[in-house]
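The same chain A turns up in both complexes below, where it pairs with chain B and then with chain C.
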Partner chain A sequence: MPPLHRSFGLVAMLVLLALWALLPLALPRHFLDMTNFAAILGVGGLGVALLLGQCGIVNIGQAAFYGCGAYASAYCTTTLGWPAAAGIGLGALISAVLAAAIGYPILRLGGFFLALATLAVGSIAGVLFFEWDWLTGGTLGIGGIPKLSLLGWSLNTPERYHYFVWVVLALALWLAHNLVNGRPGLAMRAMRDAAPAAEVMAIDMHRLKTAMFVICAVLGSLAGSLFAHYVSFVSVQSFTVERSMLFLLVPVIAGAHSVGGVVLGALFVALVPEWLSALGDFHQVVFGLVLVLVVTLFPAGLMGLAGGLLERVGRGRSTR
Partner chain B sequence: MSAAPPRLALQGIAHSFGGLHVLRNVGIEVPAGGLVGLIGPNGSGKTTCFNIVSGFLRPRAGRVLLDGSEISACSVQQRSRAGLVRTFQAPKVFERMTVLENLMVGEHKSTRTGVIEAMFGTRRARAELAACRERAERCAERFGLQALLATPAGLLPAGQRRVVELARACIGEPRVLLLDEPSSGLNSEEIEVLRRWIAELNRGGLTVFLVSHDMGLMTVCDTVHVLYFGEVIAAGSLEHVQADARVREAYLGV
Partner chain C sequence: MSFGLLQQAVLSGITNGFVYALIGMGMAVIFKGSRIINAMQGEFAVVGALVTVFTMQALKLPYALAIVAGVLAGALCGVVIELLFVRPMTRRGASEESFLLLTIGLAFALAAAALYFGGRDSHMLPGFGGPGVLELLQATLPVHAAWLMLAAVGVVLALRLFYTRTLLGLAMTAASSDADGATATGIDVGRMRLLTFLLGGGIGSIAGILVTPLISMNYQMGIGLTLKGFAAAILGGLVNPLGSLFGGLALGLLESLAVVGFPSGYRDVVALSLLVVIMIAMPNGLLGRAGRSGG
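So, the complex of A and B:
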């Protein structure tokens, strides 16, 4: 990494850390709600980002696993009276098993066909969440989900949840960073760039894709559990294909190849529609336009734009 | 005492696409440490033959043997793990990865770190990656790529891409290197460099099976097989096959 990038990265990290620590003191609660939701979206979006950026797989079905996690947490804690950790763990386990069972056959597909298959997974899950009202409460949903608590400290306010959920996202990002920069990451990118050559290098592509699909599902499930315990209520409206699209937008906006960019993408997807809501009925249209502009003008995403600017600054300095 | 089996053997290979017979009873042997060429005009079945050897195609009939063991039913990955590594007619480098990363991927089969281990960045995973990087750097030095380590492979010109692909194939120390039209897209100087590389790798003990339609590149081979309309019509030294009447007819129409 060039020294300029390294020093800029360090300064940016410290500034962000200070901002993160001070944010609950400076911002109103409804804004914290949005940033907490951004972190939840970031956890689920990270899975989609790993698939898209590292493996070249478009996943439009993340809401299925998001729903699994949310309902597992809701059902286990309210109906069965289990501790929250058990619900989160069970949701992740169910999602992992489902992802392996679904991923194994569908990951033999590629390109648009695979994207459509994931869309179908999301749609079927949406229908099942609606129909299995004995488990999910259908449109009435499940309420009274207990807040998470950590060593006796209840995470019952947006401020407290802020300190928890962003640490969870940071941990997930750290794990993803290690993965991408390790042996499996090299194999994934090789597979994405030239599949036949990757096969010749003895990379078991199907197994690797399935493993990544499982990781993506577990992250989706974790995001669902975090969401359920934060809002204390879940219903089918939160697990539609529209939510899958939001997860997909996270890496698309940020730039699919950047793991850290997930934070930027998640903040964009969570905050921009909220800010635009002041425009009334037109805000969805304007958000759509903003999206089109971002993906058209910055095909490498916001992280690509930031990287390009840094490079330009670096070149300017070296020619001076 | 029976003689050692050839390193690579094709026995009675036949293949067809629909009603079109592209290979008929092809038999080729590549001895250990040998440098064998397969030449033929466009459409003679060279690439189909190569795809069958490397596992991308299953033949309709015949067997592929590596050191006497049949590998006809093995996948591309299994063949690669057994030591059979190929390159492609259009060099398939990992374009968005650096030259160093390309070479590190070449060591995939000799490393073991799994997904979970990599995620938690265990000491073993880090040590294995560091060793892999070191070997890749040494390999880059050997192939004259040390100045390009941080360059994305997609930005390299055709000749250098070919060298990266060759280095990536060799880093895992294969038993047989299959080179598919390695001179395609290269100028005469680059072909000469490539010819020297192939000869040097072979002198180092590497068994090479080379497919090309370029007679000039074939001068590097010990034995040349000529494929014409799916059949081997001549085999022997380059001088021998050049003098063969059927080869002259196939190539020159005389």
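So, the complex of A and C:
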């Protein structure tokens, strides 16, 4: 079974890579906008996926850090006139410090209580973004955020951004993959599946969780910066609890245990509501029900479903 | 800050506190009976209120009958959700996170359904006892607010009697604290959980109907109500509907008095920060008995 799996995986990977490279040639801008947004959701959703899949923590507050990144980028590049990299860096730094300061106390909670604490953090951030209009522009927002440029090549069209943002997501996924399969990943798996045993092995669970929360926040902040530089305009409407839900949906829909599933989840969350929007207001009902059905019927997400099917096919062949 | 303003702040804080308490009681009932934190309790309130509004407008039913319809709609929602989603997931032995994700997803779907069927407009119901106000010292209180407080106290007392004095209430408590033991004494644990959701949905609707004469109701209010109600329930120790009443009042008062010191936009910040701090520092709530795990 492994050889079948591996060669299939390699072919699929190459096909996807070719598709990705050719996508801007074949598709209208409107569609590229959505896939770019999917990649941004993927970066932020990856953080939530790491928390959910590796530590079993439901984070409903990612929009707080997404907002930190976006506003840091917006404020630093427009009001202060700093280079974009400084804004991105400052956003990540602020998010990391905030996440450590908030995470350290709240990660003592577990299950439902921790999830609702993150929801509370996200809601508080939403109110502060609204109230601190000297910094965030409130509902009017901040406009005129400059586009990113790499080595003098301005990323000022969706086509160009496509080649940039997906590479960023791929890099983040690669780093996350290494993290999950390295020592910290093993420690987290131990923590998730057999907490007392992990403690006996001298794994400092609280520190590990806090570190993961910080990583999640930094990814959220990076996604916010990518968003701000892509759309050139940020306002409070982008950093609500609903946005936190979208980030949470990315791993929930695709399956929290596979880092690669984040791509599938992000595409689903970004594209499916758009396709359903032909149904008018009813599309949100359908989307909500799809989510509920995924949670009820496929607890391992769409990737789990695909994995189960592959396994069934493989088993069928080997018995024959 | 004059004395009159302070009185007004205290009165509106108490009124809001009773609203949070009603939402919190529904969550406490569902948690008590199923060990699930119901992240869609606020949506029950929205459903109850909107069904009441529309049966009055469209079917021209008298107010009292419309209220009955609203409460039944909320209870029915609870039953349908238990049968369709909670029951299969319990049978599979789903994790705590899955149940939370389920109720979040349902909240999302119900809010969207409320938007689709009810539209974007905000709605209000007429107040019980007319639109008048009571004058207390230097402050005023809508007559309806007094009715709301009475009703909330009534619900708490009824729940208390139900859980301690009736066979059914005792059976529901038994089914959730020791499912195997309850089954051995002939209690149908599944049916008790179904009744738990029926009760939770009904209480959620009552909360929504009681709020709507004071605050206009629309499709996206559910999540805010859920968070405040959860804070009230947590303050009260979560398994105890009576605790939710104290939790709600404490939260409402603190919020409205905080407005005296902070700009009014920070009301939610105060309430939610308090929620987080209480969860960490006082895991058993203000009353400190029973605890989250107790019956």
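Throughout what follows, the second predicted complex is superposed on the first by the 319 of 320 C-alpha atoms of A that agree within 3 Å, B and C clash if a C-alpha of one lies under 4 Å from a C-alpha of the other, contacts with A are read in each partner's own complex, and residues count from 1 in each chain.
FYI, a residue touches a chain if its C-beta (ideal position, glycine included) is under 8 Å from a C-beta of that chain, and two chains touch if they have at least 3 such contacts.
Every value quoted in this text rests on a predicted model; they were computed, and no experiment measured them.
Novice: If chain A is used to align the two complexes, do chain B and chain C fit next to each other or clash?
Specialist: fit
Novice: Compare chain B and chain C by how many residues of chain A each one touches, and report the one with more.
Specialist: C
Novice: Once the structures are superposed on A, label A:L186 by its partner contacts, choosing first (chain B), second (chain C), both or neither.
Specialist: Only chain B is touched by A:L186; chain C is not.
Novice: Please work out whether A:L150 is in contact with chain B alone, chain C alone, both, or neither, and reply first, second, both or neither.
Specialist: Touch status of A:L150: no partner.
Novice: Please work out whether A:E199 is in contact with chain B alone, chain C alone, both, or neither, and reply first, second, both or neither.
Specialist: After superposition on chain A, A:E199 lies in contact with chain B alone.
Novice: Of the partners chain B and chain C, which touch A:L140 in the superposed model: first, second, both, neither?
Specialist: It touches nothing on chain B or chain C.
Novice: Write the angle, vertex at the C-alpha centre of chain A, between the C-alpha centres of chain B and chain C, to the nearest 10 degrees.
Specialist: About 80 degrees between chain B and chain C, seen from chain A.
Novice: If you stack the two complexes on chain A, which partner ends up touching A:L109: first (chain B), second (chain C), both, or neither?
Specialist: Second partner only, chain C.
Novice: So, A:Q284: does it touch chain B (first), chain C (second), both, or neither?
Specialist: second
Novice: In the overlaid three-chain picture, which partner chain does A:L14 touch, first (chain B) or second (chain C), both, or neither?
Specialist: Neither chain B nor chain C is touched by A:L14.
Novice: Just to confirm the value: shortest Cα separation between chain B and chain C in the superposed three-chain model, in whole Å.
Specialist: Minimum C-alpha separation, chain B to chain C: 14 Å.
Novice: Once the two structures are superposed, pull the chain A residues common to the chain B and chain C interfaces.
Specialist: In chain A, no position sits in both the chain B and chain C interfaces.
Novice: Spell out the part of chain C that touches chain A in their complex, as residue ranges.
Specialist: 37, 39, 85, 88-89, 92, 94-98, 100-102, 104-106, 108-113, 115-116, 223, 227, 230, 234, 263, 265-266, 268-269, 272-273, 275-276, 279-280
Novice: Along chain A, where are the residues that touch chain B in the complex?
Specialist: Where chain A meets chain B, its residues are 175-176, 178-179, 182-187, 189-190, 192-194, 196-204, 208, 211-212, 215, 257.
Novice: Under the touch definition given earlier, write down the residues of chain B that touch chain A in their complex.
Specialist: 54, 56, 76-77, 80-81, 85-86, 88, 92-97, 101-102, 104-106, 108-109, 111, 113-115, 117-121, 125, 128-129, 132, 165, 168-169, 172
Novice: Please name which positions on chain A make contact with chain C in the complex.
Specialist: Per the stated touch rule, the residues are 52, 56, 58, 60, 105-106, 108-109, 111-113, 115-117, 119-121, 123-124, 127-128, 130-131, 241, 245, 248, 252, 281-282, 284-285, 287-289, 291-292, 295-296, 299.
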